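Letters are used for the chains, namely A, B, C and D, taken in the order the chains are written, and counting of residues starts over at 1 for each.
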Amino acid sequence: MINKIARSVADALAGIPDGATVLIGGFGTAGIPGELIDGLVEQGARDLTVVNNNAGNGETGLAALLKAGRVRKIICSFPRQADSQVFDGLYRSGKIELELVPQGNLAERIRAAGAGIGAFFCPTGYGTQLAGNRETREIDGKQYVLEYPIHGDVALIKAERGDRWGNLVYRKAARNFGPVMAMAAKKTIATVHDIAELGTLDPETVVTPGIFVHQVVRIERVATQAGGFKKAA
Amino acid sequence: MINKIARSVADALAGIPDGATVLIGGFGTAGIPGELIDGLVEQGARDLTVVNNNAGNGETGLAALLKAGRVRKIICSFPRQADSQVFDGLYRSGKIELELVPQGNLAERIRAAGAGIGAFFCPTGYGTQLAGNRETREIDGKQYVLEYPIHGDVALIKAERGDRWGNLVYRKAARNFGPVMAMAAKKTIATVHDIAELGTLDPETVVTPGIFVHQVVRIERVATQAGGFKKAA
Amino acid sequence: MTMTTYQRRTKDQLAARVAQDIFDGAVVNLGIGQPTLVANHLPKGREVILQSENGILGMGPAPEAGQEDYDLINAGKQPVTLLPGGSFFHHADSFAMMRGGHLDICVLGAFQVSATGDLANWHTGEKDAIPAVGGAMDLAIGAKQTWVMMDLLTKQGASKLVKECSYPLTGIACVKRVYSDLATLECTPEGLKLVDLVEGLSREELEKLVGLPIAA
Amino acid sequence: MTMTTYQRRTKDQLAARVAQDIFDGAVVNLGIGQPTLVANHLPKGREVILQSENGILGMGPAPEAGQEDYDLINAGKQPVTLLPGGSFFHHADSFAMMRGGHLDICVLGAFQVSATGDLANWHTGEKDAIPAVGGAMDLAIGAKQTWVMMDLLTKQGASKLVKECSYPLTGIACVKRVYSDLATLECTPEGLKLVDLVEGLSREELEKLVGLPIAA
């Protein structure tokens, strides 16, 4: 029988090796798999490459993982924020490597990994610093830069509901990177607020089919008046 | 006010020029926009390039469009079928050009057009006749073929429900090429069985956001016992 | 001269042989035609998820007569059902599953398979034949394991396991296993390797039929 | 020597000026910061669909206090609402919208814009600055029309409209219009072209401020 429901965050994260590339979902306050990031701090893997839209905020979550010295390199689109002091310090002192990627390239490179694409010509960033010394090509009169997929060893994502086959649905803008990261990693671990009985998720509305998901962990919900999630204090 | 609901198939199809590339959804009996294809026969545009998974069945629908001599070239993955006699005849007598494309390349090339990708390296077909004399490249020890996007002037697709913004949901395996074709055409026309009041489609379950759709036409439903659609006679 | 007697696996026996190797929890794509039969022989107690290229995961058996829904068909365009836990998705997502290495196994038919796993299954290469490829090339190179299911010999008695395919290729070095009516074999970079044989047939006799060395 | 008197457009006046050019039915992405203000000034009777890079189409205004939902935020990470007709989608689909040419208009802030429409808005290029690009490069080259909204001069009085950007580029020849506190201009392959001016300012005076020719 297929049962992807993990008993705990620790169980789900067991076996992530040193040196792993970890795709971490989330954009702003939405879709951050906070419990899995905290669990990864506990779990102990080091020398990680982290792929996330940002580079940590405040002192918790991804920032705590960075602060613990466990991240060798971060691939992201928007590291600098008002409260990115942990990353800022590590970066300025040369203790972390940064690969800055336009956000659309980040999403598309992750999807490419999931879809088996070897590389793709993309218009974003042509003629800018961020194209670096990448190969460029004119196609039909337009300039493109060759971009390569970003594969993950593990993806940590946050969904709303999931079942034992690993099918997932998300909530509002918390969907963001979840579905593409799920496709791109050897092992995808998703937190959900509800475990659904198999067959109760509408097959028309499943956003991430179970084939892309390996472990599902239930976490507690912290609702606001609007039914959403409280901003981390 | 935004109102993409067309009064009739003829209104929706008005203005498709000779020489247009027309993406047509459907796989087997599911998701074929029969009313729009019939309307295109009426409408009269000629010298068309048609992109579809197949090359017409029997004597109706796409086969009728071919028979009327209106298609210069067809791009598809599976032209030969038990009842593809119209295409077979035209092809054998040199009256239609065929670009045979592996089905996954067809889907991905259409998506690439919608996503602004200039070209992509793809493993399918490497070392086969269908790679033709395309550029190849080894990436990380694996062989790839360079594939280019397929842009449509028009996409004709079949959905289940839609609203005046053009948001669409589909039904079961009738979804198939609809969502990617909608992204890839300058003008996307969708038939639906129900027009939904704006705001009544669940925002979590919209499959094709309205930005990709330009005209929505309501057509009659022909239900079977299972709630599906009768196979064309 | 000795005559050996052996019984070819019937189509159902062959399907059962393939099914036996499909592990619990596997996500599998069964190609059009003979591979479809495998679904009827999956051992009880194994939960296997069937994918269909036209955007279905968790495909179930054919519906009862009168319950057909022509929006719910398989790649062979036959009506099917959806199991609890199943889902629908669009064609690019479906082929991303296939090409991105997410399927555990795909089972395909073949005209020819080379000893090193080249596959020819889409085109006989005849001059006047109208070609059709469908999803064959995507499946062949995309799944974690590509298995072929076929009769070992043509009706004329020629081996469909060959040194090099004479028919147009579907994919290079992509077939891992060949399940046939006479034997199960592995394709490796070093050539064919025997997995099993029908009763009464020896490896040496099989080598003669195939005309190629087959490692024990 | 004559002194001319003219009034700079306030931030709200500038936002209203931009909003005036957004047509009924347009799908628009408003960049972080000043462009966000444009939403408050859309003329009544025009139905405009706002896209947010984080997977929202049909974004509505900020919620009432206490009704914030931190799963429903804009690109600037501020709580927003969803209008009837809105939808959610994942990041690759969202950027496919942006990069595939499906947005009618995007409105961005800028450090510098060149006369031919090069844009610099992501990085000051200072040695110790930590760079951050977000979706700026995708938006700049992806929308059907990219508009910039900015003060014409820096606090030091230097023109932000330049012959060539000295700051690191976001995109090449991508800006079509610049809406500023003093004038609205078009960037063309031949250079700047005047659209309108605040009252009391002449084209000649504007040319002096900018230091570049501005076609009438």
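The criterion applied here is as follows: a contact is a pair of C-beta atoms (placed from the backbone, for glycine too) under 8 Å apart; a residue touches a chain by one contact, two chains touch by 3 or more.
Keep in mind that this is a model prediction, so the values were computed, not measured.
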{"item": "Centre-of-Cα separation between chain C and chain A, whole angstrom", "value": "36"}
{"item": "Whole-Å separation of chain centres (CA-atom averages), chain A against chain B", "value": "33"}
{"item": "For chain C paired with chain D, centre-to-centre distance based on mean C-alpha positions, whole Å", "value": "55"}
{"item": "Chain C residues counted as touching two or more neighbouring chains", "value": "82, 88-89, 92, 95-96, 99, 142"}
{"item": "Shared interface positions of chain A, touching two or more other chains", "value": "108, 111, 115-116, 122-123, 170-172, 203-204, 207"}
{"item": "Arrangement of touching chains [line / ring / star / complete / other]", "value": "other"}
{"item": "All pairs of touching chains, each written as two labels joined by a dash", "value": "A-B, A-C, A-D, B-C, B-D"}
{"item": "Residues of chain D defined as touching chain B within the complex", "value": "24-25, 27, 47, 49, 51, 57-58, 82-89, 92-93, 95-97, 99-103, 142"}
{"item": "Chain D contact footprint on chain B (complex, rising order)", "value": "1-2, 111, 113-116, 163-165, 167, 183, 198-199, 201, 203-204, 206, 209-212"}
{"item": "Residue ranges of chain B in contact with chain A within the complex", "value": "108, 112, 115-123, 137, 139-140, 142, 144, 148, 169-172, 202-205, 207"}
{"item": "Parts of chain A lying in touch with chain D, wherever the complex brings them together", "value": "27-31, 77-81, 84, 87-88, 91-92, 100-108, 110-111, 122-130, 143, 170-180, 207, 224-231"}
{"item": "Complex contact set, residues of chain D against chain A", "value": "52-56, 63, 66-73, 77, 82, 88-92, 94-96, 98-99, 123, 128-138, 141-142, 168-172"}
